[in-house]
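Below you'll find the structure, written out as C-alpha cells, and then a few comments.
Note that the chains take the letters A, B, C and D in the order they are written out, and that residue 1 is the start of every chain.
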Amino acid sequence: MIKVGIVGGTGYTGAELLRILASHPQVEVSVLTSRQEAGRRADVLYPHLRGHCDVVFSAPDADALADCDAVFFATPHGTAMQMAPALVDKGVRVIDLSADFRLRDVAQFKRWYGLDHACPDLLAESVYGLPELHRERIRGARVVANPGCYPTAVQLGFLPLLEAGLVATDGLIADCKSAVSGAGREAKVASLFCEVGDSFKAYGVSGHRHWPEIGQGLEAIAGETVGVTFVPHLLPMIRGIHATLYARLKDPEVDLQAVFERRFAGEVFVDVMPDGTHPETRSVRASNTCRLAVHRAPDGKTAIVLSVIDNLVKGASGQAVQNLNLMFGFDERTALSSPPLAP
Amino acid sequence: MIKVGIVGGTGYTGAELLRILASHPQVEVSVLTSRQEAGRRADVLYPHLRGHCDVVFSAPDADALADCDAVFFATPHGTAMQMAPALVDKGVRVIDLSADFRLRDVAQFKRWYGLDHACPDLLAESVYGLPELHRERIRGARVVANPGCYPTAVQLGFLPLLEAGLVATDGLIADCKSAVSGAGREAKVASLFCEVGDSFKAYGVSGHRHWPEIGQGLEAIAGETVGVTFVPHLLPMIRGIHATLYARLKDPEVDLQAVFERRFAGEVFVDVMPDGTHPETRSVRASNTCRLAVHRAPDGKTAIVLSVIDNLVKGASGQAVQNLNLMFGFDERTALSSPPLAP
Amino acid sequence: MIKVGIVGGTGYTGAELLRILASHPQVEVSVLTSRQEAGRRADVLYPHLRGHCDVVFSAPDADALADCDAVFFATPHGTAMQMAPALVDKGVRVIDLSADFRLRDVAQFKRWYGLDHACPDLLAESVYGLPELHRERIRGARVVANPGCYPTAVQLGFLPLLEAGLVATDGLIADCKSAVSGAGREAKVASLFCEVGDSFKAYGVSGHRHWPEIGQGLEAIAGETVGVTFVPHLLPMIRGIHATLYARLKDPEVDLQAVFERRFAGEVFVDVMPDGTHPETRSVRASNTCRLAVHRAPDGKTAIVLSVIDNLVKGASGQAVQNLNLMFGFDERTALSSPPLAP
Amino acid sequence: MIKVGIVGGTGYTGAELLRILASHPQVEVSVLTSRQEAGRRADVLYPHLRGHCDVVFSAPDADALADCDAVFFATPHGTAMQMAPALVDKGVRVIDLSADFRLRDVAQFKRWYGLDHACPDLLAESVYGLPELHRERIRGARVVANPGCYPTAVQLGFLPLLEAGLVATDGLIADCKSAVSGAGREAKVASLFCEVGDSFKAYGVSGHRHWPEIGQGLEAIAGETVGVTFVPHLLPMIRGIHATLYARLKDPEVDLQAVFERRFAGEVFVDVMPDGTHPETRSVRASNTCRLAVHRAPDGKTAIVLSVIDNLVKGASGQAVQNLNLMFGFDERTALSSPPLAP
C-alpha cells in the first residue's frame, strides 16, 4: 500500500483520480489539496463518491506531500514545476497531469505558456508518460509528464504509420473533436450548457497549446521533421475525444490493418478494431482504452485513422494511474480494468 | 463459479447484465440468447465490451438453459412465464427482469398486460426482488420478479414514511422522470434522438403499467389501501430516474431525516443524503445505489422525497445481480461496488 | 415606429429580446446597455444576429434611455426599481423582466430578495404582465412586471380550475422542470455543460423565489388563501419549462377539457391540446405559446395539468414583447407569430 | 399565391418545409402526401405546427399534384424520378430534395444508388439547385435537384478557393460533422437517443453517397479533376453541419479573407465571418444561412475553411424554398428571413 497525494483536487481530472483510485487496492489517497475547499470532505463536492472516498481537502502543505510516495498534479500549468523539485529531492515521485513537463524545449514552453521554466534540469530528466512509447523509462522515472488529451489520441493513431515510415511526414492532418470536460471545471461562459449544448464549432485554429506537443511527439516517433495541421473542435458531450487523422500513403498497397494489429498486439489499453469499422467515443467511456480503426480513402492514396479515447481517463487521470502502476511495479491494469460504460 | 444464462440479450438490460457480470468473479455467462443475432459475438453488437466478454449469441435452447444455475430473462413480457416452469423444474433459478412475475393478482396482470398468466402457481411462490424489503425471502427463492425501474425508485422513497405510518395513505403523488434508455433499444420513432433530444414531456398520464405495481408495493408496505397518483415523464438523457414524491404528514413535527437514516442504516445500496440536499441522477450513474433526500415543504405539512437511481442498474440489471448474489450466497455487493460515473 | 431601450443586454433574455424585436416592424432598438460590453456590436457577442441587428452596446445613460418610448429591464433584481421612477417621470414606459415589481407586498419582497423596495408607490401602480389575466390593465400601464418563467407556466395551468372553483385550494402541487437557460448566462460552475448535462435534479425545495409569486398569483385568481407546494427541477436541455400540476377535484364529474377550452378560447398564445395528449416542450420552442393538456388521474379525484412554455419566450422576452404590443396598441402577435422550432 | 404540393411529408425535411412555408405569403400548401398518414392532419404528427398549418395528409394522387404550380419531393431516392416526368409534362415545376437528379452521370447514379435512372432526359435538363452557383439557370428550371446537406456545406466552403485557382486540386480534405436529423425520421436503432447521445463517431469512411456529388460539384467549379477525401461524422445534436475543409495553398501570401468576402459579397445567405473567428452551428440554427470562416494553418501552407449550415434548412428545405422563390420570381428571402435561434 502506497500513499499518494493529489494537488489540485477540485477539477475534473482530480475528481477522476479519486474515482479511479477508489478501486485501487494498493493505493491510499492520503493528501488532497485545495486552498478553497480546505476542510471539506471530497464527497460533499462530488456526491457520486459518497461511500467510496472519505478524504478531506486540505490546504497545500509541503510536509504532508513529502510524506507521500507519489504526488499527482492536477493543477493549471505553472504549479507543478514550482513544487516538484522539492518533492523529488525527498524521494517523492511526481506525475504531472498539467503541461509543465510536456515540452522538452524551454523556449517552446515559454512561447506557448508564457512562463520561464522553473526547473529545466528536472524537465530534462522527466519522462513523457505515454506507456505505449516509453514504458521502460516510465518505470524508473522520478517525474512523469502525463500527456495531453489530444496528443494521446493523435500520437497513438499516427504511431504505426510513422514508426514504419509508411506515410509522407509533411501534410499530416489531425482533425480532432473533444467533449466539454476537456475545458475543465472552471466557471466560464464558454463552457455553459446553453453555450455548447446542441452546437459544434472549431476553436484555436490559429494555434493551440497541444499543437507543439503533438509535433514534438510525432517527430520523435518519425525520427524526422513532421508537418502537422491540428484543428480542435468542441463536441456537445461530456467525455470523449475523436481524432480523425489523414496521411498520404507512400505505398498504396500496404496492409494497414495488419500494421496496426501488429504494432499494438501486446498493448492492454489499445484496441485495434476490425477492418471497416468506426469506433464510437462511448465505446471507451470511463475506460483507459484507446480504440483505433484504420481506413484507406476511396482514392487509395490516403490513410485515415479513427482514434477515440475518454479524455478524462486515457487522456488524463487513467493514463496517470497507468503510469503510477508502472512506476511502482503494480499490474499495469490495476484499477483500470472495468468495462467502459455504454449506453 | 456458477453458470448463468441470459435470455434476450440484445436490449439495454441484457447488455448491462453483460457489463456488470464481466466483473463478477463467481459468475460465468454461458448462454446468451437471441434468435436474430445467433452466431454473432456479443462484442460486435456492443463494442464497449471488447476485451471483457467473449460470449456468442445463440438461439434459445431449452437444454442449454437448463444446464445453467440461474437464468435471467431480459425479454419483453410474456416470455419468462412460458419458459420459467420447465427451468425451475430442472433446478434452475430464475430472475425475471420483465413484468411477468411482478403483479400478484392474475386479473391485474391480464388487465395491464393483456395476457392470461401462464403459470399462476409459480407466480404465487415467486418473490418480489426488492432486497430492502424481502432480502430473506429472495435468498431462498426459485423465481425472483425483478422490480420495475419506476417502482424501485418510488417504493424505496415512500418506504420509511409508510412503514412508520407517518403520512396519509391517500393522495400520494409520484411525479417521476426517466431517461430514454427506459424505453429500450427497440427501433421506434418515439425514441429517436431528434424526437426526445432537447425536449421533455409527460406520457401515460391516464395509466401506465408501473402504476399497479407501485400501488401493490405501497399497499404491502403500508398494510392498508393506498391512493397514489403516478405521472411518468421522459427526460432527454440516457440513464437515470428521478422520483419526486409528495405525501401529507400526519405529524408535522416528526424528524424525517432521522426516520430515513434509521430505516436505511444497514443498507449498502441506499444512501440517505444529508438534510437539505438534492440528489442528482448522475450521482448514481452506472451504480446500484438509490440516493434519497427528504424535505418538508415550506408549509410544513407535506413531505417531499427525492429518489434517484440508474434505471439500468438499480432499476434493472444491477438489482438483478444483487438478487443473484443473495440467491447464491455471494457478498451482496459483488460486481456492484464500482463508484458511480460523474461527470 | 417606436424607440425602445434594453437595459442589461448581455444575458439570455436580452439576446432573446433582440432576436424577437429584429422581426418587429414597428420597433427600433435604439439603446442597448452593458457596462462591460460598451462599444461592442451586439452581433459580436451573438453571432446568430449577424445581419439582423446592428445595435452597439453602450454604458447605461439616463438621457439616452429617457429618449426611448419604452425600456425593457433584462437585469438582475434591484436595478429596475432604482431606474424606473425617473424614466416613468419622463413618460417612458417600463417593462421589467426582473423580479422588482412582481411581488405586491414589500415585506415579501424584502424577505425573498433581501432588499427594501426603492419605489413602493410605483410598485403599487404597476401591473402584473400576464395578459391572459390583466390584458386591459396592461394596455394602460406605465410599469409592467413581466412574470417569472415558472409562475407563467403554473398560473396559466391552474387558472381555469381556480377561477371556476373546481378544486380544493389547499394541497396544490406544482412539480416544475426548467431548462438550463433559466439560470442565465452567468459564469457559474452549476450551469456548466458537464455539471448539468445527462443529469437531472431538484433544487430549492426548501424555498425558491418564484414560490411567493406563484402563491400571490393563485390567490388573486382563486380569491382566497391557497396552499401550493412548488418543487423546481433542472432539465438537461436549453429551452423549455414543463409544469406538472396536481389538484384535488371537488366534483369528479366535471368536464375538464371543456372548462379549459372555454377559458382560453380567445387567447392567441394559449393552446389547449386535445383530450388525452401530452405537450412536449419542443412544441413551443422559440414561440410565445403556452400549450396545455388536462387529465384526470386514474382515481378520478385528481386533476393533472401539463403546461409547457419556452422559458425565454412566453416565460420572459416573448411575453415582454406581447406586453409591449398591448401597451402601444400594436397587434398582440406582432413579431411573435413564427411557428415553433422542432425538431 | 401559388399552390404547392409536398410528396412525402412525414420526414424531417417535409415537416421543415411546412414550418418554413407557414410564413410564406405567396404560397399555399395544397397537397401533402403520405400513404401511411392519409386522412390525418399534419399538426397531429407535428404539434409544433398547431395553429400554423391546417393541411391534411392524403394518399399520393397524380391529378391533385398536377394541379399544383410546384411540387417538392421529400422522399427517399427513387420516387421523384418516377413521378417527375408526368408532372413536368403538365407544367408543374419540380424541386427534388432527394438524390434523384443530383448526379449528372447515370452510371454514377446506378453505382451509388443501385437503380437505373428512370428519366435521363429530364436529368439532363435539370439544374443543380445551389443558387450561389446557378442562380440564373434555377430561375428557368423545370426540375431543380436540391443539393445534399454535406455537399452544400462543402461546395460553398471550397468555392472561392477553387474558382480562383488558389489551391492544389488533389488532396482536398472535407472532414464533416452532421447532426442526427440528417439521418431522417425513420425508426432505426442507429438513430436512437441512447445510441447517438453523448457519443461521436465517423461513418461511411469507405464511401458515402455524398462523395460523388461533392466531387462532381468541385470539379465543375474548378474546371478540372479534383481529388477529395470526405469523412462524415455523427454529432450528438439535432440540427447542424460543420464542414472543416483543408487545401494546400499554391501561394501562401494570398489574402484569403478578402477572397472570401469578395466572392460572397452579394449573397444574402452566405456570411463570411471576420478573420480569426470560428462559426458555431447554432449560429445558423433554423436559418438558411451558411456561415464561413477561413484560416491559414500555422505552417502557412494550408487553408482551413470552417463552414456551418442548418442541415434541415440550407442543407434541405430552406434551400428548396430559396429555389422556389427564384423559380417563381419571389424575393429570394421570402419566408427565410427570421434570425437563427440561439441559445
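Keep this in mind: a contact is a pair of C-beta atoms (placed from the backbone, for glycine too) under 8 Å apart; a residue touches a chain by one contact, two chains touch by 3 or more.
A quick note: this is a predicted structure, and the numbers were derived from the prediction, not measured.
Peer 1: Using residue numbers, check each pair in C-D, A-C or B-C against B-D and return the one sharing over half of the contact pairs.
Peer 2: Overlap exceeds half of the contact pairs only for A-C.
Peer 1: I want to compare two interfaces, A-D and A-C. Which one has more contacting C-beta pairs?
Peer 2: Of the two interfaces, A-D and A-C, more C-beta pairs touch across A-D.
Peer 1: Could you put a whole-Å number on the gap between the CA centroids of chain A and chain D?
Peer 2: The computed centroid separation for chain A versus chain D comes out at 39 Å.
Peer 1: Between chain A and chain B, what's the gap in Å when you average each chain's C-alpha atoms?
Peer 2: Distance between chain centres: 37 Å.
Peer 1: Determine the centre-to-centre distance between chain A and chain C, using the mean Cα coordinates as centres, and give it in whole Å.
Peer 2: The computed centroid separation for chain A versus chain C comes out at 45 Å.
Peer 1: Where in chain A do residues touch two or more of the other chains?
Peer 2: Counting only residues that touch two or more other chains, chain A contributes 12, 181, 194-195, 197-198, 236-239, 279-280, 282, 285, 342-343.
Peer 1: Using the touch definition up top, name the residues of chain C that touch chain A in the complex.
Peer 2: Touching chain A: residues 12, 180-181, 185-189, 191-198, 236-238 of chain C.
Peer 1: Please give the residue numbers of chain C that touch chain B in the complex, ascending.
Peer 2: Checking each residue of chain C against chain B gives 171, 173, 175, 177, 194-195, 197-203, 205-207, 211, 227, 229, 231, 233, 235-240, 242, 244, 246, 248, 276, 278-282, 285, 295-299, 301-302, 304, 306, 308, 342-343.
Peer 1: Once bound in the complex, which stretches of chain A touch chain B?
Peer 2: 12, 15, 19, 22-23, 46-53, 181, 197-198, 238-239, 271, 273, 277, 279-280, 282-287, 289, 291, 338-343
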